[in-house]
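Two complexes are shown next, each including subunit A; its partner changes from subunit B in the first to subunit C in the second.
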Partner chain A sequence: MSLDPQHATADDVRERAAIDRSVRYPVLFFFTSAAAWLFVATLLGFLSAVKLRVPTLWEGCEFITYGRLFPVHMNALLYGWAMQAGLGVMLWLTARLTRSECRNPVTLIAAGNVWNIAVALGVVAVWFGAGRSLPWLDFPGWVAPLLGLSYVLIVVWLFPMFHRARAGEIFVSELFLLGAAVWFPWIYFSANLVIGKGGSATMGAGANAWYMSNLMYFWFAPVALAATYYLIPKIAGRPIHSYVLARIGFWVLAVCAGWTGFQRFAGGPFPAWMPAVGGAAAIFALLAVLVTGWNFRETIKGREKLWEYSPSLRFTMFGALMFVIFAALNAFSSYFGVSKILQFSHFVVGLDTLAVYGFFSMTIFGAIYYIVPRLTGTEWPSGSLIRSHFWLSAYGIATVVVTMLVGGIAQGGAIQQWNLGFGRSVEIGNPWIVGRIVAWLLIAFSNLGFFYQLALMFLGRGRASDGPTLIHKKPGEAASAEAAAGLEPEGAGV
Partner chain B sequence: MSEKNLDYEAEGASVVKLHDSVRRERILPPSGREPLSFGPLILGAFVLLLGAGFLGAYGNGFKDDIFITSYYRPEPRPAGAGGDTAAAQLTYIDKVMKDGKRVYGNCVPCHQPTGLGNPGQFPPLKGSEWTAGGTHRFAAILLKGINGSLKVSGQTYTLPMPPWGTLSDQDLAAVITYVRHEFAGIEEPGIVTPEMVKAAREEFSGQAVPWTEAELLAIPKDEMLPGAQVDPVTGEPAGEKAEAPAQ
Partner chain C sequence: MKSTLWKNLAGLGVAFGLPWLLLIVVPYLRQANAEPVAYAPADAMPAGAVYPDPANARFGSSDRGAAVYAREGCAYCHTQVVRPTYAGADMWRAGWAGREGEGLARETRPGDYAGEKVALLGYQRIGQDLANVGSRISSREEMHRHLHDPKSFVLHSVMPAYRHLYKEGPNGKPTPTPDAEALVDYLMSRKKDAKLPGDAPAPAPAN
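The block that comes next holds the complex of A and B.
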């Protein structure tokens, strides 16, 4: 074995630094404005859960009704936080993977501003009662072109980067990034077209369910997996276990995911084959998820101890685990016997939260903890704040998923008993909403530390570097996560 | 502002002051060449079997006219039911009401077993001018659904009403009769027949999208579906009986 085959040359480091400098303003813009939206969204998540539990609170004020708070919360979380942070990660990853500098940071920031304005307009419109009452597509119709346009204006600049990329092996993250870049316009346009222009109300509901499922499988999943495929080998200092498996995962997802969605309305006025195809596709998509999870596991095998020290690895691995759980629950609840009970219960909300927060957001936190020090030149001030961010979020997610699953079974079972009456099923489901309140409270608390640290980093008040910020270690105590974990360096991380 | 103003150009790639985090990072190793191992293959085969079995069991050969019916709630057994003999003693209207109650299971999630709906979300059927009015309008709503806002008992509701044209003529006739009797308190002229619904279905077949409030208001309020009335006890056409006193 040569001494250190993975050590970067001085040229490599200089090139890397130049790339990071070229994207730092747009990426930091996306991260900080996304974090601001996350702050709004978590507060509203808490407030809407409280309102659902105690509907008489501030009775009479239309702006604090659940029917408005919840869509505002969900859309702010999806478009303000999740997609925007995802765009930042996409941009940085693409620049790094194609080894090309970003030539138009100002254009990207301008497009990012359009995105934020569109989201803000949509949120205000929904809050004032102009929402469409279509989950995840609540923004009124006129916001859609604006949001779609700004998305295109942002991702279109990734393509020159791919074009400039040097010849050589295509890293699997690039596949996922390219996929996500082109899939979103397709699903967003199609869903809005069917809902706005054609089809019956029934078909509109179907298109809505299809969009929700595909925003998850065709955008959130590939962006998060691209980040995980990049971060795990970087931090573990190991190559990805198998390129074949990675590509299988991508292509299975690409082929199967577009068919999912209709199973959400199994038993609705659709021909039976439509939800059946949706359910089967959700099961087939499980293949992609399991193969990807297996690949991650094999890659990190023997070096799991890094998990304890590296913030990025901790968040991304947790996200990957949640992805597997989400996909399994999604496939399981597609079975008609199961969906019959769960489809209109709290369970659905739990599953959505698991996907958007437990899987996607946690992975993106990992990526942000990795990326931001490279852009600002300072280190995260406190490892213990990162640790509390992780654990409070993890407990929050566990709470919401478990209570919503159990509460969903109780509530859905009661809906099945026709002679109980609908009101009784609401009463039975109601106590479980406390789980949702607690969960969003925990998540809001967990994020305070994140906002504080991100603000310090953004304002140039981060810690001057004397080694990476690690969990369980004082700054400067260990030169890398590997050193902290007492592992032989196969590469290096953090 | 020109893009060149951003300082990455000014600092240039030759500047020595590089971020520590960038410097200690190593290269992204090329992906491993591990061939497919046994584990993922077994897992994959298992998942494929599950998915294919699911599609085979529930896909119903991709036929457009097969719907999932197992989602409808089971009808409870009437207390002290004596089986066939009890059923045989039911009059025609009782049978229609029983049928209607079963079909009404589709409406319960929104309109509630009480027919009172859910304030602010789903309009009530009880005391509503739409159910108490003529059957022509009623059939139009059920067959094609409603889109946009609708004023019911002085309140405006915005959630769409899905079309129920997928139900059979018999089921629709029964549920209209049931709702009018149970919630609107209407006895005469009593019963909507499957023939009437069939005629209405043909009449509205040109309507591709759900109705709007204005379109529904265009149908006269008390207009009944055309067609022969039936006797509430025997279920026979009531025509001869009605004419008999006149002769």
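The block that comes next holds the complex of A and C.
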């Protein structure tokens, strides 16, 4: 397929429009319901951070303790927003890459409804006292079959598309999508089976840590990277720098990342090789991420100015940068000398938020800014709202990562000082929680513009097209990000 | 792309299947089928005693207590892990690793969690580690007071007061609900310092 917009034939354009029309309703369904969950999750993130800093606020009410609010926030963010938006991106990307129309949009919307009902039941159950205190797996056991089943019902329809795709080399984005499609049910059911069956209490906790790491490397990362590998060449108007590097990055990640996870409990009640292997695998995974990041950088090299104008490129490049930082911090903190201090400190919250929001969500915003106009046939109403969405989110994520890293070193270091009273570590760590409060406030504000614009687009109130919405440019002022950046089209299609 | 599809799917399966098998399936089956170990005569334990003690974690209504502990999200601020010295200074913190006075202070082992449905190892350490809190806090009354009003223990405690687990008693005194009693059962059973079979008594930590 021609990846190059300048060289698209009239047939190409017609075919793409037909594909977009076929996935229009399910993809918009996933995006809008995900956005609603994001709204809930950001407010809860803010509220839970406030409650951690000021526990006496409305003290005595069980529904607003940190211990309830934080898991509700995290699970709403993960399953309500992140995975659901990711499913929408997966569906659209698969249809486009395999050049096949979606034949059953109604089934997908029905399965999407089951997903939303499952998440809502899980969130309410945790809130009203059925939580399991297992990070990212807090939903009570009976939610798992429902959530897993709806996932399978959604993703199973991707396989006929892959199957129908015309013969030829498989594009790296398709590899990532294929991986994400099969890996999630595998890790989700494995973790839930080990935890639900009892039998081995410590392996339940270990499977939990392994699940968190694998959800990140085997679902969030592949979906986001599939989108980035698709969008960067499209927007830069040139092919991927190196397909070989892209494949190496994929397979190194696929082979190594499954071993990560147990390093979250370095020194925990497991055979010592398990956390050790986890730490080593995190370092290998970093290599894969660096290769991938390098590939993106080389692809965009010389055309970085596009970053200024294209909303999608801006978000996806930022996401890719955050992925590199996440993988580096993850590898760094897996080293025993460092995990001593950071393992159970504020740092873990910073790292998890960096992964889910800084990397995955930001990349997905980029994809949404690209996809939705193609589904609705209208353009985003305001470039400056996109710009504020980007900057406030970027400042938010920077705030939470920096404060949790520094605060984590301070707090974890104080706990390591065994002859210092434990209360000192609380006193030292606590002020940094303000960083979490500020971060979620910034993120909540940043998303208001996103919700507003997405609602307008969904209701058919987008801007009638006279060229794409670009940052720093008035509508119609430039026909493309390339024109806005004053770059000549390279026309080097694939 | 049919053959490519199957080839790639097989690759994805192998890449992920190997760690899945070796990190999850095999260790789980080994753990789930682990037999209790009898003590050696040199351990000077009562005849027939085994590690892990089957009565471990079956203290009163501690199963229900574990559910209360989980639903209140205690594990988000409290761990139940004592790391060996190469991985952290936990064992040197007074009371964390067990009864130092009796030479029973050590890192936590898988057997210490036997009988629990899932080990709530925790997410962060905003509060103290609770692996051996049952030995640190001696009476149920003290534990109840800690849950009802943490600030009466530590003035600057950031732990919320779990007053919703208590009812107003006849003379204005808070009366624990069954959930609070179960939670205290669970917390009082947090003693992960049982003597290990064939282990010489651990030396008391240097001060």
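To be clear about the criterion, the second predicted complex is superposed on the first by the 482 of 494 C-alpha atoms of A that agree within 3 Å, B and C clash if a C-alpha of one lies under 4 Å from a C-alpha of the other, contacts with A are read in each partner's own complex, and residues count from 1 in each chain.
As a working rule, contacts are C-beta pairs under 8 Å (C-beta built on N, C-alpha and C of every residue); 3 or more make two chains touch, one makes a residue touch a chain.
Because the structure is a prediction, the values reported are computed rather than measured.
The superposition on subunit A brings subunit B into a clash with subunit C.
Residue contacts after overlaying the shared chain place A:120 against neither subunit B nor subunit C.
Shared-chain residue A:418: touches subunit B and subunit C both. When both complexes are overlaid on chain A, the residue A:271 reaches subunit B and subunit C alike. In the superposition on chain A, A:40 contacts neither subunit B nor subunit C. Touch criterion met: A:427 reaches subunit C, while subunit B stays clear of it. With both structures placed on the common chain, the touch criterion links A:262 to subunit C but leaves subunit B unconnected. When both complexes are overlaid on chain A, the residue A:346 reaches subunit C alone and has no touch with subunit B. In the superposition on chain A, contact of A:59 is made with subunit C only, not with subunit B.
Looking at the shared chain after the overlay, A:153 reaches neither subunit B nor subunit C. Common to the subunit B and subunit C interfaces on subunit A are residues 67, 133, 169, 200-202, 205, 266-271, 277, 281, 336, 340, 344, 415-416, 418-419, 422-423. The part of subunit A that touches subunit B in the complex is made up of residues 6-8, 12-18, 20-22, 24-25, 67, 97, 101, 103-107, 133, 169, 171-172, 200-202, 205, 230, 233-234, 237-246, 248, 266-273, 275-277, 279-281, 283-284, 286-287, 290-291, 294, 298-299, 331, 334-336, 340, 344, 373-374, 376-377, 379, 415-416, 418-419, 421-423, 465, 467-468, 479-480, 491-492, 494. The touching residues of subunit A, when paired with subunit C in their complex, are 51-52, 55-56, 59-62, 65-68, 70-71, 126, 129-135, 162-163, 165-170, 175, 178-179, 182-183, 186-187, 190, 194-195, 197-208, 210, 218, 251, 254-255, 258-259, 261-262, 265-271, 274, 277, 281, 336, 339-340, 343-346, 348-349, 412, 415-419, 422-423, 425-427, 429-430. Interface residues of subunit C, counted against subunit A in their complex, comprise 1-2, 4-5, 8-9, 11-13, 15-16, 18-20, 23-24, 27-28, 31-32, 34, 69-77, 79, 81, 83-84, 86-90, 92-93, 107-110, 112-128, 154, 156-164. If you check the complex, the residues on subunit B that touch subunit A are 1, 3, 6-8, 11-14, 18-37, 39-40, 43-44, 47-48, 50-52, 54-55, 58-68, 70-71, 73, 76, 105, 108-109, 112-114, 118, 120-121, 145, 147, 158-164, 166, 208-210.
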